[in-house]
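The following block contains the structure, expressed as structure tokens.
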Amino acid sequence: MRDGMVENRGAGHWFTHIGLTIGVLVIFFPIWLAFVASTVSQPEIVSPPMPLLPGDQFFENYRKALVSGVNAPVALMLANSLVMAVGIAVGKIVISLLSAFAIVYFRFPGRRLFFWLIFLTLMLPVEVRIVPTYEVVASFGMLNSYSGLIFPLIASATATFLFRQFFMTVPDELAEAARVDGARPMRFFWDILLPMSRTNIAALFVILFIYGWNQYLWPLLITTDPSMNTIVMGIKQMFPSGDDVADWPVIMATSILAMLPPVIVVVSMQKLFIRGLVDSEK
Amino acid sequence: MEKRVTFKGWLLPMLLLLPQVIITAVFFFYPAGQAVWQSLFIPDPFGLSSRFVGLGNFEYLLGDPYYRASFVTTAVFSGLVTLVSMGVALYLAVLADRLIKGSGTYRALLIWPYAVAPAVAGVLWMFMFNTRVGVVAWYLGLLGYDWNHVLNEGEAMGLVVVASAWGRISYNFLFFLAGLQAIPRSVIEAAAIDGARFWTRFRTIVWPLLSPTTFFLLVVNVVYAFFETFGVIHTITSGGPQQATTILVYKVFKDGFVGQDLGGSAAQSVILLVLVGLLTVVQFKFIERRVHY
Amino acid sequence: MATLTITDVKKTFGKTDVIHGVSIDVAEGEFIVIVGPSGCGKSTLLRMVAGLETVTSGEITIDGRRMNDVEPMDRNIAMVFQNYALYPHMSVFDNMAYGLKIAGTPKAEIAERVAQAAQMLQLEPYMGRKPRELSGGQRQRVAMGRAIVRKPSVFLFDEPLSNLDAKLRVQMRLEIKELQKRLGITSLYVTHDQVEAMTLADRMIVMNAGRADQIGAPLEVYANPATEFVAGFIGSPATNFLAAETLGRSGVARIGVRPENASLVAPDQGLANGTLLFAEALGAETLLHLRLTGGEMFTLRQDGTAPVPAEGETCGIGWDRVRELWFDHGGNRVRQAG
């Protein structure tokens, strides 16, 4: 019914589309340019201006990036990123589900204290406590390890808070019915609460996956060994120091590879993603 | 809010909480506490012992022109990032809100940058403006403008702002669009019949009704610009030229890891903690109030 | 005050025709009610007059001026919406003053006109409140007030009472009628409630699936429905329709008998026989629901004091044949000869 709304008379309608199209084009331009750069040869880039349409070096550049890379094969960095992103998402969801369940469905001494501690962690990004966290991880010998990449980044309770909010909306009758049916707490958690939280879990997974995948400062600090580099922080390492010329086609192919998984997740799970965004900001 | 039904026992809930508690204690509260503790000491040059200096590190920081400059840089940087990304996002959202058909397509295209890591965004923009091979820099050269963000402080700031704002447009767009679509159509129509043309409607009806969304985004974007833009700065300018793009988070990193000034870096962390705390308070105050117009 | 004409107006959304061509000339100060079931296109027609929907073909004029491509703000109309559409962030006063402010009316005059409207609608105690602090009836009044202060040439009402409870609806209905008479502003009023239509309208447009089945004064429409649809829609309880052949008639398809025109007689003494299924005693009147020998249902309305037969009893039903409504196979009225 909104097609016939006041502003959409005649030309205004087209201005709207033109305005949006320009916006989309401008916003897409950096990505397009990176893609083009990843399909042409080095000489085409270093003698500007580079072409604005894709070339024929697509396979060559991507093969080179994936197999040999600059410091480490990009395929390896992709795998590292995948482990890290999935580890952060799954890890945070699991510990948060458990603790939210405990806080909402049990009464035990210190419950309020736990709740407030959780609240405290809500908005402090890892960047703020970076030096001491590094020391802790180093003292555990977790530098250049997956656990070192993952644990510090799941050490906040944002997800716990979210699940708590969700569990509070689950009707009391369900837990009562489960108790009448003789279900023990973990049984109730497993058979009822978990299936009911499916969409929330999926939405949170999307957000956390992107959060983990896109980490930069933390992997930069603790992965000194190129074979442990994640792809997002690895790109910067591919630039030569000093005056050497960067291998632009390979770097740009790596950039495209680095943004591909999160883009696929966001675009293909748009509904979940938007829901996750809105949930996690409430 | 409390649940009417609870399960009995205290051992099970403790066990359930254990993983979260351990991880949070070891990787969150302990380091945060360490930051506070370290901020009170100055290590000796050999790192063998450290001397208690009380608030000395803070006094030194607040007296340090570089640190004060970094504060100003951060303020300018986050102000601009917030303004640019919210401005563009609002413009696009207002346009998309006027459509019924096709707004989904534009939305699907506009959410891409959200998925691009700040560090990758930095590489993309640095590539476009690279003084040697950058396409945009080259065309600017054709127009007679000699772009060089490696040497020019203003251009460096401009570039990191745009690269940071770019990645944030998606997010702001989604929230603005949702906010616009939550305004009842009939209210807009009533205003149209009351004689308000597009701009008047926007100024007197849409903008006030959108203000809860705007305020929320304002806080969230400032937080983003403060902390999550490290990757952009590190890939494009490394804080330079001179200190022109050294925002507070970048300075914590540089002084702590590159400069090995643990006490100073820890004191900076504490100051950031306080800043985040303040922003959080602002945000919660606002959430309490956001139901009201 | 103005005249309003709608000439062969059509509307299509994509490939669906929602309005197939409606025409009416509205005289100055006339109160026109557009009534019909949901989805008949009545709201769309109103929104086209408001300028909120484009006109696919045909013409709308106000005071002789063609309005098809005129923006809503330039039509000098006022509209009351179903959900009131009050500006949630403005006080009652500001809600009513908004249109005047935009028009650049001097402050003193705004204050005066708003005060006048507020007095007329008994809104004076609430001028500083926000819409969320008002009851449904009060919001309704503010929406009315917002329309009144602008002294428009045409009032448009889009089901303004449908969000109110039954008692309030009757009261507001009277207020609207009284107000419209006092101000004498040409009005177009959309509703799905035939009682509202009957009580408010000078003339009504009965719409059915995008067509104006009949346009006329309420009693005229009631007494002389143009189509089977109108006969069934206007009047409560609804007209009984009987297949002509069960009554042994030919030349028409169906015969309509209004419940209030029929009466009980001794078995086989009337025009049909039926068994009483149940009776609804409403006090002043009683509704009798009967099943005819042919299996059809028949509703009959009689005075509350009249005797009611026992349920299951067979009765005769009689009516004045002159008041029968005849319809052909297409649902159109067939006039009785003489």
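Every chain is named by a letter (A, B and C) in the order it is written, and numbering of its residues begins at 1.
Convention: contacts are C-beta pairs under 8 Å (C-beta built on N, C-alpha and C of every residue); 3 or more make two chains touch, one makes a residue touch a chain.
Model, not experiment: these values are computed from the prediction.
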Highest contact count belongs to the pair A-B
Note, CA centroid farthest from chain B's centroid sits on chain C
Dist(centroid_CA(chain A), centroid_CA(chain B)) in Å evaluates to 16
Chain centres from averaged Cα atoms put chain A and chain C apart, in whole Å, by 57
Residues of chain A that touch two or more other chains sit at 1, 3, 5-6
Flagged in chain C as touching 2+ other chains are 51-52, 71-72
Shared-interface residues of chain B (touching two or more other chains) are 189, 192
Note: in the complex, chain C contacts chain B through residues 50-52, 71-73, 75, 77-79, 81-83, 85-89, 98-99, 102-103, 130, 146, 150
Listed in rising order, the residues of chain B that touch chain C in the complex are 184, 186-187, 189-197, 200, 204-205, 208-209, 293
Within their complex, chain A touches chain B through residues 1-3, 5-8, 12, 16-17, 19-20, 23-24, 27-31, 33-34, 37, 45-46, 48-50, 52, 94-96, 98-99, 101-109, 111, 114, 117, 121-125, 127-137, 151-152, 154-157, 160, 168, 172, 175-176, 179, 185-186, 188, 210, 213-217, 220-221, 232-233, 235-236, 245, 248, 251-252, 255, 258-259, 262-263, 265-267, 270, 273-274, 277-278, 281
As the complex stands, chain B meets chain A at residues 1, 3-7, 9-10, 12-14, 16-17, 19-21, 23-24, 26-35, 38, 88, 91-92, 95-96, 98-102, 106-121, 123-125, 127-128, 132-135, 138-139, 166, 169, 171, 174-175, 178, 185, 188-189, 192, 198, 216, 220, 223, 227-228, 230-231, 234-235, 249, 252-253, 256-257, 262, 265-266, 269, 272-273, 276, 279-280, 283
